[in-house]
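Both complexes below contain chain A, partnered by chain B and then by chain C.
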Partner chain A sequence: MERVDIHPTHQHGQFKLRVGRPLPFGATLVPGGVNFSIFSSVATGCILVLFERHALQPMAEIPFPDEFRIGNVFAMIVFGLDYENIEYGYRIDGPYDPPAGHWCNPSQIVMDPYAKVIGGRDVWGKTPNWDDPYPHRARLAFDDFDWENDRPLEIPPEDQIIYEMHVRSFTRHPSAGVKHPGTFAGIIEKIPYLKELGITSIELMPIYEFDEFENSRPSPVTGETLYNYWGYSTVGFFAPKAGYAATGKFGMQVDEVKNLIKQLHKHGIEVILDVVFNHTAEGNEKGPVISFRGIDNKTYYMLTPEGYYFNFSGCGNTLNCNNPIVRNIVLDCLRYWAAEYHIDGFRFDLASILGRDPWGAPLANPPLLESLAFDPILAHCKLIAEAWDAGGLYQVGTFPAFGRWAEWNGKYRDTVRRFLKGDGGMVGDMAQRLQGSPDLYARAGRGPATSINFITAHDGFTLYDLVSYNVKHNEANGENNNDGSNDNESWNCGVEGETDDPGIIALRQRQMRNAIAMLLVSQGVPMILMGDEVGRTQYGNNNTYCHDNELNWLDWNLLQKNADLFQFVKHCIAFRRAHPVLRHREHFRNHDYMGSGYPDISWHGTQAWHADWSASSRTLAFMLCGKHAKNGSTPDDFIYVAMNMYWEALWFELPRLPVGLQWHVFANTGVAAPGDSCKPGQEPPLADQKGLLLGDRSVTILIGR
Partner chain B sequence: MAFSTTITTAGDTATITLSGELDASSAPQFKAEVEQAASQGAKKLVLMMQDLEYMASAGLRVLIFAKQKMGADTDIYLVGTQELVKETIEKTGFDQSVYMVDTYDD
Partner chain C sequence: MDITIKATQGITIAAISGDVDGSTAASLQEQILPLAQTGSKILLDMTHVPYMSSAGLRMLLSLYRKATSVDGKLVLVGLSEEILDTMSITGFLDFFTTCDTVDAGIAALQ
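This part shows the complex of A and B:
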């Protein structure tokens, strides 16, 4: 029997039409045609605008007949479209009254907020046609990708090791030696590198379509173009960035991204997306009308009583995330990426904004965060909050988690940085950070993996710069060095910036290793910034958001230059992966619940069993009893970690092991490479089982077996 | 160059020769050939690609259609694919679903 519901009932010019289905929103392929559905609570009329791909002027404009509107949704099926070759937008008729919050203007063509593919910025850095009446063009996507039984990996959260990276920066440098530099396809060629390093998950800085030409300008320093390079400014939440795809010029970015994810999954590597729902690329009232503003400004944005934009994001506008309509688009978006792209998790930029009510006040029980936590499709996705916003809300330790949310632990970063540079008064705090910050999370019943531990991230200094600069050097950004954080807790080891002094170079190398060692023996989830494993520098720039150049690109020559640092990082990662006692699912109890004769964790100092908790102390050691690993379910070795951040060498007395076991040395940053670490499993025995001399500012990791 | 295809069938092998540019306007013609091959119960699809100069998204969609229409147990061979077309197929991952070969002999 032939279906009746695929027959047109209406006609507009050459186009045959039928009343559409209001859900799902967006443009969906249906038998014989395309279903277009768009919501606006203020529109009095709506016109579908169709273009042939790349054509400047529309090929057709089809008004929605009145009877095609259900509630506040315009829905229409258009039959017989050449769906490979069309681009579409809308004209929204309705009130234009900015002080009252309304920006409808039918002379503008606006983009579908649910656009799955967006054309207009197809090739990275290609100057746009500024006369294009519709610069960001919605296109249709297909869901026929051959996933070959792939599904998200669902790695247990405590077992993750995250690598934060930028799609373009990772392979754009000529030294990357890939066929398609700076693209999703380029990452595929570097999978062997990621495997060798040993990380379990990559976290991609924003890949939703953004406009690299937003606020683009010539650099006052070099004259080269400064871009919106990082892309924390979304144009469309459902579309991958075309300019990051080698196939973007053919409009095949969807397939390229899916292929990347499939290949990574095949090699056991998860993909986490850094998503930006706190604001959009439309900016404040001076910004462009792209989509939301022209469709339903008052619904999508938080507005002051005078009709201006609240700016809790520091980027001009704030998405009205706890409006039920906006909540749904966020939910739809994440479900789409989880289901259609097999994404393993999401990191939410300035997530505290997602917990504000439509007037900006923090909510006790934010419905959006709750919906995400309990969503059936997102049930096994990692949800990671950047638990603060630019409006002053700081929720590290108090982010409304609903048992699901993890947090970027800003306190971890600050504590470890201060301890690392030798500040006094940090030992007590440091003990908390090493345990997965139970002081922040245990009371609420949140486990160690709640804490995403990081010392460096894209925001701020790289690890090399953290030990090479006392202050930021952001002149290249053209903002008189006023941008970027001043609160870096960094130390240059004696000279600001590059130096030939071998003593300082050696100290910096040691400090980087100290940081990596602390990060990888901490309970929680370690996150490594792209390039830190090879000593990448941004020459003291701690806010490189606008640079499409060597300030951001990973220089693969560093892999040879700093081969021994890479080896150290690789060993530390492998060590963590080899030892479940470093990856507890629950917080330590600080007593012996396995009858092993040792508590799960014990604290030491220069004297065994006596940590020095005084304010002047710069030393700390701890021992983990492997019998307690993962609550005793996965027996492991003993691990002892001693940290001497004092400026002189100190003798550390060792706790005694059970009869028959011996201490072996996995790592000692006080020893020159390659003796600073060894391959896990091949640790040589320690000569003196009673103690060891720890050089100034160094870390030693022992294993008892 | 204008797009053209020819199809020949021998036993359970269907061979389609493509030339010119496979884009949105020519894809339906290619798709019809694939459907014909499928309806004749072909178990092996050989696509002679030496003279295919360009392939747009629509072309890739037909390849995916062919794979899914003819079933997982049907082997698809892409023969002598030109560099530009080959790159597109590789970057989008379709190369893992087919055999890409320089020449094809029965």
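This part shows the complex of A and C:
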């Protein structure tokens, strides 16, 4: 039977109209037309502005008749629109009084916060028309991608190995050799590489539409344009970055992203999005009016009593996340990406902001975080918090988790870096980090996989730079080296930057391997920064947010140059995947509950069964009993790891294995490549089963079977 | 945009010429979808289609879905390099058999 509501009741010029449905917000394709719905608590009137694609002037402006408003929502169906060629925006009539927090101005066209496709920056780096009256343009999405049988992979959290990646940087370098460099399509061509490396999940730095020209400026050093390259500044939460899509010029970025995800899923690789809900690209009162500010400034942003923007993000404004309206848009956004894009998880940039009340005070039980934790659609999505913000809130270990949230473990990074460079007094802390940081998480009943373990991430030094520079070298950013962290816990191994000294080069190679080995035998979830597996350098720059050049691009020539390192990383990943004892779901109990004669984990030093916990100690060893793997459900081998961060070689006495088992050597970073590691399953037996001489600043991993 | 439809050797050959986009895809779909009958073999000759938008690709996928649901077969012929590339990147290509020439298309359907 034909529905009666597919017939127009109103007309405006050539356009036939009907009262719309208030939900869902945004523009939705309905039979014969498009349903436009937008909320504003302050608007006294609203006009839908329609453009033909790329046209500077609107083709129509259709005021919402009074009877099309329900509550604070304007909703209208417009019939007969060509969905591919329409761009739409709104003029919002209402109070303009910035000190009182109101920024409505019907002379400006504002973008729908629910825009699913955004035009205006269709091709990366193409200079925009600065006179465009509507620079970021909402478009319509068809959302009919043929997923066939795909769905999110739901890899158990403790089995993940995350690879943090910037979409453009991954394949933009000419050496990548892909057909469409720097795009989502480029990543598809590199799936075999990701498979070979062995990671389970890629975490994409922001892919929501952003404006690479935000704060763009010439470099004082080279004159080339500096961009908002990383993209931590959202223009629209529902739209993928068009400039990252080879098909962005055809407006097909939605399909391109979905196809990337489908192809990755086919190869067993999850996709986690780095999402930025703490602020938007509108900046402070000097920033542009793009969307939220001109629609309902007071609802969307945290404002001081004088109408200025609170700046807990360090980026100009702060999204008012615990306002019920804003909470809903965040929830709608994540549900959309989970359901429509099959996203496997989300990493929340400066997530502590999401736990602040509208005046900035931290909440004990933030409703937004609770809503996300218990949401039915997000139920199997990974939720990962960057558990701090730029306003001084640091919540590693105390982030309101509701049994669901994992955290970027900043303490893991700091402890491992200090232990790695040979600081004393780190052994006790290190023992906690290796176990999945039970000191931070166990009391609250949170398991090891709560801890996203990382030594390097996009913020800060790459692994190569961590062992090659004592201090940051950010001159190329044009901020007099004042930007970026000063707290790097790095060590250059003797010379700052590049050197010909073979001893220093060898030590750096060893230190990188030591870091990788520690990361991949730690309980919790390891995260590797793109390129660290081949020794990528940023030449000491620890904050490359603005560089569309070789400071960020992955140079694929490194794969040959540092083939040995790549092999070592690959082996360590394969080793982790082969051994469930490295991937416990629950914390160790520190005793023998399986009757194996060995506790689940035991601590050792140069003497077996006697770890040196003193302040001067720079050695630590531990043994995992395979009978206890995954609570005894998945029998595994014994694993013994010895770490000698002392500057001289030391003899490590080995704990004795049960009769019939022997120690075999999987890795020893004190041995030159290719002898530094072997393919898991092919470990040769250790000549002397009683002990081994471990070189200075070296790590060995043994397997008992 | 024009379409000519003829039948030969038990195969329906539909030759399209001109751009297929939001303004032409709907009418094209109306003419092409009825070709998908039980067991029908359809060859779409797109040698003279310079540009195909997202709406055009969706029309092709609808046709494919309809044809395969009634045990029919569909072959696309003469896709331009750019259309092929776009289809590959966005995943549409995975569904289709493609050939360079009409003769090769006929052979693939027999």
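Here is the rule we use: the second predicted complex is superposed on the first by the 705 of 705 C-alpha atoms of A that agree within 3 Å, B and C clash if a C-alpha of one lies under 4 Å from a C-alpha of the other, contacts with A are read in each partner's own complex, and residues count from 1 in each chain.
Rule of thumb we're sticking to: a residue touches a chain if its C-beta (ideal position, glycine included) is under 8 Å from a C-beta of that chain, and two chains touch if they have at least 3 such contacts.
Computed from a predicted model, the values in this text were never measured in an experiment.
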Exercise. Between chain B and chain C, positioned on chain A by superposition, is the outcome a clash or a fit?
Worked result: clash
Problem set entry | First, second, both or neither for A:116, with chain B first and chain C second | neither
Problem set entry | Which of chain B and chain C A:404 touches, first, second, both or neither | neither
Exercise. Which chain A residues are contacted by chain C in one complex and by chain B in the other?
Worked result: 82, 84-85, 142, 144-146, 179-180, 184-185, 246-247, 250-252, 255-256, 258-259, 262-263
For this session: Name, in rising order, each residue of chain C that touches chain A in their complex.
Result: 21-23, 53-55, 58, 61, 85-86, 89-92, 95
Seminar exercise, completed: Touching chain B in the complex, chain A uses residues 82, 84-85, 142, 144-146, 148, 179-180, 183-185, 245-247, 250-252, 255-256, 258-259, 262-263
Exercise. What residues on chain B touch chain A, complex-wise?
Worked result: 24-25, 27, 56-58, 60-61, 64-65, 67-68, 87-88, 90-94, 96-97
Problem set entry | Complex contact set, residues of chain A against chain C | 82-85, 142, 144-146, 179-180, 184-185, 188, 246-247, 250-252, 255-256, 258-259, 262-263
